[in-house]
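The same subunit A turns up in both complexes below, where it pairs with subunit B and then with subunit C.
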Partner chain A sequence: MKDQRLRKLLDAILVPLLAVLSGLVVMGILILFLKKPLFESYATLFSNGFGCREYGNCIFITALERATPIILTGLSAVVAFRSGMFSIGQEGQYLLGAAAAAWLGYAIHLPPILHALVIMIAAMLVGAGYGWIPGILKVKLGVNELLATIMLNSIAALIIEYLVQFPMRADTSAVAHSPVIDESAQLMAFLPGSKWGVGFVIAVIAVIVVYYYLWHTKPGYEQRMAGQSRKFALFGGISSDNSAVRAMLISGALAGLAGAIEVTGVHRRIMTGFSVGLGFDGLTSAILGQIHPIGVFIVAILFSGLKLGAQIGLQLQLGIPRELGGTIIGFIVLFVAAGKLYEQGILRARDWFTRRRGTNLKGESP
Partner chain B sequence: MTPAIEMKGITKFFTSTQVRANEGVDFSVEPGEVHALVGENGAGKTTLMNILYGLIKPDSGDIFIDSQNVQIGHPDDAIKHGIGMVHQHFKLVPSFTVAQNILLGIEPNEAGFLNQQKENKLVDELAKKFNLPVDPAARIWDLPVGMQQRVEILKVLQRKAKILILDEPTAVLTPQEVNELITVIRGLSRLGYTIIFITHKLIEVMTVADRVSVMRGGKMMGTKKVSETSIPELARMMVGREVLLRVKKKDIQRGETVLEVRNISVADVNGLAAISHVSFQVHKGEIVAIAGVSGNGQTELVEAISGMLHLDGGEIIFKGKTINEASVGERRDLGMAHIPEDRMVVGLNLQTTLDENLIVSKYNHSEFSRYGFLLMKAISDFAEKVVKAFSIAAARPGEGIAMLSGGNLQKVVVGRELSGNPSFIIANQPTRGLDVGSIEFVHKTLIEERDKGAGVLLVSVELDEVLALSDRILVLYRGVIQGELNTATATEEQVGILMAGGTLEDLKQQQKTSEPSDKWEVK
Partner chain C sequence: MEGFFSVFTVELLNSGIRLATPILLAALGGAICNQAGVLNLALESKMLLGAFVGIVAAFYLGNSYGGLLVAMIAGGLLGLLFAFLYHKYRVDLVILAIAFNLIIVELTVFVMRAMFGNVGSWSDPSIVRIPDIQIPLIKDIPFIGQILSGYNIIVYFSWLATIVMFVVFYKMRAGRHLRAVGENKSAAETVGINAILLQTLALVISGALAGLGGAFLSIGHLKLFTRNMSNGRGWIAIAAAMFGVNHPIGVFLASLFFGYADAFSVRIQNVTDLPPNLVKLLPNVATLLVLIIIGLRSMIALGMARRRFRAQLRAEEAAIAAEKAL
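And now, the complex of A and B:
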């Protein structure tokens, strides 16, 4: 029984793990092309992405901070995918959630904690509302949710740009931005000089809640069954339509929450160019993380670390363009998509192992 | 005579599923014979044939073709040695024409350019040669299943195969198509072709095969001449114990009406009338069979009663209450159970665990969930209970079900539907694709439920099953009830003529004149 569970876990992480290793090998080849020291590059990448320079000055902390919105947008994708909705609308929902948070941050004035709480709830509602649109379109009119969310992402990016440029613009500086939010709305950081704080804790709680919701509650069960087989759901008396809309509401709320935390915990406002694709990073971490909350959590941190390591380590110390970080992530995703590549090898390795073990328990029939 | 094929000591262990699919299997086929390979689902027939065809590599064992020890590592090797395989699930390109499919990869070409006319002519000649008429220009997706199978056979013949492996070729065919296929097999055998015919329908073995080999649990149980064996003996060899081919049942204790449908009409997915103005009743303690050739409205009737499809008119009354507006869940809560015809897609979710499959119609009950949370312990206890009660050997609570055989999958469905004492059971094609052992199980279980007082609506295209299980027979033809018969007095001819759209009067006339007439032959 325990053996079986371990085996299932290994099966689940094997391909992502091999993909990450393959991605790092490709990185080595690229570095050789650039005529840079190979091993030093690896060391720099990891020490600057995941290490600590001295006590209390850990880049890993920054990686955790950068991972926070990716975890939440990743969870958003997990909820949608598990329910059979191929929504890639996390980016749009995230942007509108952030816009709502930035506005409420300076437009209303409330006591600390309460202010932040109101902002987060409002951002979740805005995100949920924006997720509801493709959900209801799919259910009522059969509109493909993939296409709908692509369009809604573009619309959201333009809306936030307009808001920053005109109604919410703080001053006439060269880079348009909204006013800084009230202190009462800002999320607390754990360490001075860092922005790693309450937001990360909220993300961790969200990981647990989403896992529990999907696998241990009635609505979660309904959503997964409807997502895996509409006919089976209909046969068993589960409404796939309700499940789909509910999934989009929750998915949108999580992405909206990501936006709120990014504003209240990190930037304290929105500015032109606020959209840097964190929603899409969430999407990729969901795919690499086997569409599982825990997987998303690990991958989001890995991605953030790789990006930081490339940015601070490779670029600043070795003069290797920081885009290499993004390139590695791209390759890793590619290797996951091409998971079949490893299948033959995995099977052969497993055959070899069982045959070796087989000498001990030979003749045992299944 | 040297055997055309001889397989010796074939062993194959699947590490991914921990299944010993073949264990020291010896198998030999004479040239020019029709050799049936039978066994229950999961007995290892398909594995053995996949090894012969080079799709799977055996762990050990030798293959001899015409006494030559050969290595078959790839289907190309098999084809080179004159072995061709027609798979259970056809491997055709639906958007291509018949000729394009048959000549796929071996097209006659002129400097790299294809010549459609030449291809069609070539296929036409091939079809004539083997007396297997096809339209070379027809697209595969326009063809009925039986015709697609013919294309597969021609594809294999075009590649100069002398030994044909047919993997459960009749599983997807209608009775008429089965007859045609049997004629084709006989014809090929006369031309000197060797045919290996995988099946678990023993009646087909007796009609078409010269010899039969029986497998059970990955082992070869023996080879017999068909003329020297019988269906009961083969069934015993397959299952390993005595099998009741026809389950005994007690006299009927008919109770009150449990389900009544009044004048109902249902449209199919295209909006056309599939069921028009149908009325009947099912009582407690009786099995009512809906007989008929498949596609005469059975699916729509069942989906309307179970709540999956809307009615276009009429009324469904369950235990005295109109349930026209009731949802699937509400109907189930009232005591309705449903064994659907498609267990792979409708009845089960193969992507999830046994436990989650078993609660799909019950997860709302306070037994399995409280305040919106699933009670995991109660669910796995329930799974444990069902596995024991219905002896679903290979299924384990908490694990996936995708690897289970057809018989075990159906046991999961039956186990779920019958636990909780339903008062009315819809059983739609409950034994389709099952082996004799599993059929016996399903039949026994349905009769037990009837004897306990449940009403059963059995929908089946198998005449044998209808006559063996039911108390009353309603024959469905083009969406209307063509006639009703009492099973105790009904004959096969009577059911047959109603299934073909005739009336009992016609049958009397026919018998009186006793002239051979093909008027009522099912076409």
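And now, the complex of A and C:
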């Protein structure tokens, strides 16, 4: 029993781990092409993504802050994938949630905690509504959810650009942005000078809630079954259609919440170029995290660290374009998808492990 | 109202055809793959790769036609890699497409910045845009000449590709084999068709077409490369292939529709003072509507098939009952 559990865990961790290592090797190759110092680049990447310069001045804190929306959009992708919906609409739901949050932040005035709460609930509703569209289209008309969500993402990105340039524009500065939200709507940060705060706590709670929902409640079980096998679910009396729509509502709400936290906790407003592909990062972290909430949590922090390291470390200090970070993440996803590449190696490793354990237990060589 | 109708001009017709070209090329590639039974969702990344490689090759070769060729080869090679990963390692095609999309979007900008400095978009005065061709005789026909003549070679190639695909698919053995593989892979294999070879071929050709479509954007239409230049056209092409039921002529018409949606939105931005961001929604909304229409179409087809089956069943029952009565 214990052995089986260990084996399952090992299987879940090995492929992503090997994929990350392979991604780092690809990074090395690209850096060699640029004729930049190899080991210094790795050191710069990691010290600027995950390290601490001095006590109380940790870049890792910034990585955690940047990971917050990725965790939530990643959870959003997990819920959708687990119901068999290949939705990549997190970006659009996130953007519209952010737009709703930014508007409510200055348009209504409420006492401190209540204001933030109202904003989050509203953003979740908006996100859920935007997630419902591809869900219902898929269920009723069989519209490919991948294409539908891609189009909805572009539409949301253009809507938010329109909003900040016209109806919600605060002043005529060079970069169009909406008015700053009320103080009562802003989320608290743990440390002065950083923006890592309540939002991260909410993300952690969301990880636990999503885990509990998917693995310890009846609707969650139904949803996972419907995602794995439609026919099996139907046979057991589960309507896969209902659970798919429900999953899209939850998925949209989580992405909308990510948008609300990004506005109330970090930017305090929306501006041109608000969309930087955070929804897509969530999607990739869900794939690399084995479509599991805890996997998403770990991978989101890893990704935001990598991006940060590429941005402030590689680009500013070594002059390596920061797109390297995104490229590596893409390669890592590719390596996860091609998990069979490692099958031979994994089998051998498992053999070795079980043999070793065998000798220890029985006290003799097999 | 006058301002609104000034949108419709011959230039609009021309630019619709031009903007339909990259979509058409990629959509033909998508249709080939759909017919062969491999879901090719990576058209977007192949287009973007073609756009980048095409302009860089045009710069180094000093010849834009050479750039087109290299773009096609690059797209084809990406298709080959795709086929290799799919057949050898059974990689999920959807995740593969997403991974490639991510890699190409970032890698093209990475390489651009590594090669040409820290720039947002890149061009060089030495690069020549693919010249437009006036077709003799046809260009002198009033109106029709204006619509059919005066495009560059890629546009005419895309029309030729449509015709060739039609002939190959419906008049030749190879095309029939390809469709058989898409219809039922194992059945096709039992009668001795090399399904893996045909699917690989479909992915390579589709990659080459999408790559050419991308090169049209960077050296055929504009003369520069920017981040994420294909801007969702690869995804729209997938919708176009579905809308055109994977038939070359259908795909051609569907691509024209999307090309016009695109041209229309550009034109409205030029002549009216509607907020540009809202007008830019047009191609995306059109695509979403088309997806809904595709869904409705298949629902209706399903309903009709069901009704036909029921009628048949009823007729058979009636026949049996009549036999019994005798």
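Details
Quick note on the criterion: the second predicted complex is superposed on the first by the 347 of 366 C-alpha atoms of A that agree within 3 Å, B and C clash if a C-alpha of one lies under 4 Å from a C-alpha of the other, contacts with A are read in each partner's own complex, and residues count from 1 in each chain.
Note that in this section a contact is a pair of C-beta atoms (placed from the backbone, for glycine too) under 8 Å apart; a residue touches a chain by one contact, two chains touch by 3 or more.
Since this is a predicted model, take the numbers as computed values, not measurements.
After superposition onto subunit A, the partners subunit B and subunit C occupy overlapping space and clash. When both complexes are overlaid on chain A, the residue A:216 reaches subunit B alone and has no touch with subunit C. By the touch criterion defined above, A:344 reaches neither subunit B nor subunit C. When both complexes are overlaid on chain A, the residue A:172 reaches neither subunit B nor subunit C.
Set against each other, subunit B and subunit C differ in how many residues of subunit A they touch, and the higher count belongs to C.
When the two complexes are overlaid on their common chain A, residue A:34 makes contact with subunit C while staying clear of subunit B. Of the two partner chains, subunit C is the only one that A:334 touches; subunit B does not reach it.
Clashing C-alpha atoms with subunit B appear in a single stretch of subunit C, chosen from 3-11, 39-47, 183-191 or 201-209: 183-191.
Those residues of subunit A whose C-beta lies close enough to touch subunit B in the complex are 4, 216-219, 221-222, 224-225, 228-229, 231-238, 347, 350-351, 354, 365-366.
For subunit A in complex with subunit C, the touching residues are 30, 33-34, 86, 88, 137, 140-144, 146-148, 150-152, 154-155, 158-159, 161-162, 165-166, 280, 283-284, 287, 320-321, 323-327, 329-331, 333-334, 336-338, 340-341. Within the complex formed with subunit A, the subunit C residues making contact are 41, 85, 89-92, 94-96, 98-107, 109-110, 113-114, 118, 232, 235, 238-239, 242, 275, 277-278, 280-281, 284-285, 287-288, 291-292, 294-296, 298-299. On subunit B, the positions that touch subunit A within their shared complex are 15-20, 306-308, 327-330, 332, 338, 340, 342, 345-349, 351-352, 356, 359-361, 363-364, 369, 372-374, 376, 399.
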